[in-house]
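Below you'll find a set of structures to go through.
Each of the next two complexes has chain A plus one other chain: chain B in the first, chain C in the second.
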Partner chain A sequence: MRRAYKYAVLTAMIVSTLALALAASAGGLGYALPFPAVRNLAYWYLRTTYNPFMPKFTASAPEAVTAIVWDYRGLDTLFETSVFFLAIIASMALMRGIEVRAPESINLSKYGMSAIVKTVTRITVAIILAASASIALHGQLTPGGGFQGGATAAVAPLVIIVIFSLYFAVGSGIKKKSMLTLRTLGLLGIGVTSFAVIVAGLILGKAAYVFQNQPKEAAPIGLPSHILGVPMGGTLLLFNIFEFLAVAAGFTIVFLLLSVPEESVRKVLEGGEGHD
Partner chain B sequence: MISPETLVFGVLAALGLISMVATFMAVLERDLLKAVLFSAVQSTAYAFMFYILMAPDILLVYVPVAVGLYPAVILFLIKKTERFEGGEEE
Partner chain C sequence: MADRLVKAVGPAVLAFITYIIFSGSVTPYDLVTATVVAVIVGLLVANLMIHNPRKLLQVQRLGWLIVYAIRYFFIDEVKAHLDVMSRIVRPSMPINPGIVRVPYYVESDYAMTTIANSITNTPGTVVVDLDTERKIFYVHWINVKALEAERTRKEISEVFERFAKRIFD
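Now for the complex of A and B:
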């Protein structure tokens, strides 16, 4: 009876989804495209994102999405990054007092999965890290960017923790403190980059804006748009690198804290304030 | 003869249906481990849809988060709590 009810609900959902899709594709929702006034904004972004003939307006990055995320709408992304950082800080505050460390005199080969899985993982971790670095460092040229690369890179320590055990990860340098240092370094870098042009302007005696990338009308100063003939997007490359560090290290901290065995930290979790 | 446009929309519709069914199964499944797998099937269908809709930036962040990081968090939580959802009998 219950099973029949389940399948009846599922069939009804499939039928209604198909009916909605058919109605929408037959023009049941009115205009399929946004109004032309909305599309002007998209035209403007696409025309100026990499346009050497409009040097006062271009972001000098062929990748429009990265240009919008870190140049046209840079402050939005800055606050998104701070929200993410606050979430990491909150989870670390919840698990304060927990030390992620391997016990003394431990035989690492007894932990984790079989030798076959470990060997395959050694290869895939290298591939994951290379792919994530290419996603982040080519962020101003091809689809991708700091957050995408950082999220991809965070899969590598996760795989190491699951396949090799937490103690191997801690022993090979994936520690809470070093990850927090990387994370802070990334955020500091983002902060410094957003003020880089204004500081340069102060030194050179020219007007500049916070979060400025390329020279603008009243602020004729900016970071180099090309290095060795390759479009670097000025601040976009730096933002991508630092965001990559911050995101990858932030996710890794959460996984380190989540994978600590419950027994070893029960005392800390039950001990009220959690100090000592 | 089917036009390429119709083919693309057909693939999109099929992926949408797969994701809908997978979500339905994930919600109803008592075994939380299987529910995570159904959720991953839904994420995979969405990833292909993002690719077809020409949003590679979203795809690149969606694949590691929805197929790697998110199931991992849920699996850690299942390991720390219970694998089977309690409640009334069938």
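Now for the complex of A and C:
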């Protein structure tokens, strides 16, 4: 019985590996391509994403994924970001009234990991933040973007919380309220950017759309497609910067909430000390 | 605020270099954004990273750092690798593992961490714990040659400590 089970698992593994290999290679070799209508769509995206010879259609960003996320389907991404924002608001509401404050006369060097790890982290935090900013600010050129950069930046507060302790993090300004302010500013920036071109159009007396990026046939205005000779994709750079702020702050709030000691939570839930 | 600005210089340079290397290009756009990012990151981490910004101005520290990097990677690392390799390939496997106390006499955290990481990065020795109050590393050693504090320091970390003191203390 045990033996039969072993052979069954082995056979299943071999069959699924072969099936996956067949699917992957057959797709690449041209036996089972998607039907032509879908291929035309992909072809259109790739042809227009960065194409100075089609100025009425291009999104002006060499990175097709960013162009699709923030231009072709920008409204969808806006609501995605809003869903994440609401999820964080909901978790903050769930944990309302719970404040983490370092106890009086606390020796922070006793908390967290060893002095060696702390010293190394003091340097790597700067490196993490610089690399994450590069990911966000090159989102229109290379793989990456606001979400990826923001998620990377949130690693910095995460390692500070784990390696130096939550009390140290809160004491050095990584607080729920300041992070919520940053996150709201980021989301506000995304909102303003999505209306930027239509507001400009109203002022200049030209037709424009919500979420417009580059000039279109019937709406001949848009944000600059190049800055300092580098393709910027107009609104894409702004969206990436604001999304970077929003995501970095959002993840930091989640990390702060998750690292609250259970005693502090229980104190508030049971209506003891700390409940106003 | 002025204090923070002075402290931010070092971290800002580090952030600038990281940004440029990570981006892998040096167009005017990269240089402008790198400068903005470097100033912001520098100000954010200034107090975390730097205690005494005056040390950055003492150029001889940078010189010792370069000398130490070359010496560490081309002499100390090679010697430790050859030693461990010969222990592995010999059929008798002449090892005598154990954990010993190694004291250190530097003041700053950066100097202490330099010594600890130098010990760990050479094959054959690993810092497994430390006591910052008594200033002792607990080091796992593949071939324990001595147990007394001063002799273990002479065997394991004397060179590292000499350079760490000149660079960071």
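Criterion: the second predicted complex is superposed on the first by the 240 of 276 C-alpha atoms of A that agree within 3 Å, B and C clash if a C-alpha of one lies under 4 Å from a C-alpha of the other, contacts with A are read in each partner's own complex, and residues count from 1 in each chain.
Rule of thumb we're sticking to: a contact is a pair of C-beta atoms (placed from the backbone, for glycine too) under 8 Å apart; a residue touches a chain by one contact, two chains touch by 3 or more.
Just so it is clear, the structure is predicted and the values come from calculations on it, not from any experiment.
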Exercise. Just chain B (first), just chain C (second), both, or neither: which does A:78 touch?
Worked result: neither
For this session: Check the residue A:130 against both partner chains and state whether it touches chain B (first), chain C (second), both, or neither.
Result: second
Exercise. Looking at the overlay, what does A:200 touch: chain B (first), chain C (second), both, or neither?
Worked result: neither
Problem set entry | Partner chain(s) touched by A:98 [first = chain B, second = chain C, both, neither] | neither
Exercise. Touch check for A:228: first (chain B), second (chain C), both, or neither?
Worked result: second
For this session: Examine A:17 and indicate which partner it touches, taking first as chain B and second as chain C; both and neither are also allowed.
Result: first
Exercise. Looking at the overlay, does A:172 come into contact with chain B only (first), chain C only (second), both, or neither?
Worked result: second
Exercise. If you stack the two complexes on chain A, which partner ends up touching A:118: first (chain B), second (chain C), both, or neither?
Worked result: second
For this session: Considering only touches as defined above, state whether A:89 meets chain B (first), chain C (second), both or neither.
Result: neither
For this session: Pick out the shared contact residues on chain A: the ones touching chain B in one complex and chain C in the other.
Result: 135
Problem set entry | chain C - residues contacting chain A, complex | 11, 14-16, 18-19, 22-23, 27-29, 32-33, 37-38, 40-42, 44-45, 47-49, 109-110, 112-113, 116-117, 127, 129-130, 132
Exercise. Any idea which chain B residues touch chain A in the complex?
Worked result: 9, 13, 16-17, 20-21, 24, 28, 56-57, 59-61, 63-65, 68-69, 72-73, 76-77, 80, 90
Exercise. For chain A, which residues are in contact with chain C within the complex?
Worked result: 109, 114-116, 118-120, 122-123, 125-127, 129-131, 133-135, 137-138, 160, 172, 227-230
For this session: Give every residue of chain A touching chain B within the complex, in rising order.
Result: 2, 6, 9-10, 13-14, 17-18, 21, 25, 65-66, 135, 143-145, 147-148, 151-152, 154-155, 158, 162, 251, 254-255, 258-259, 262
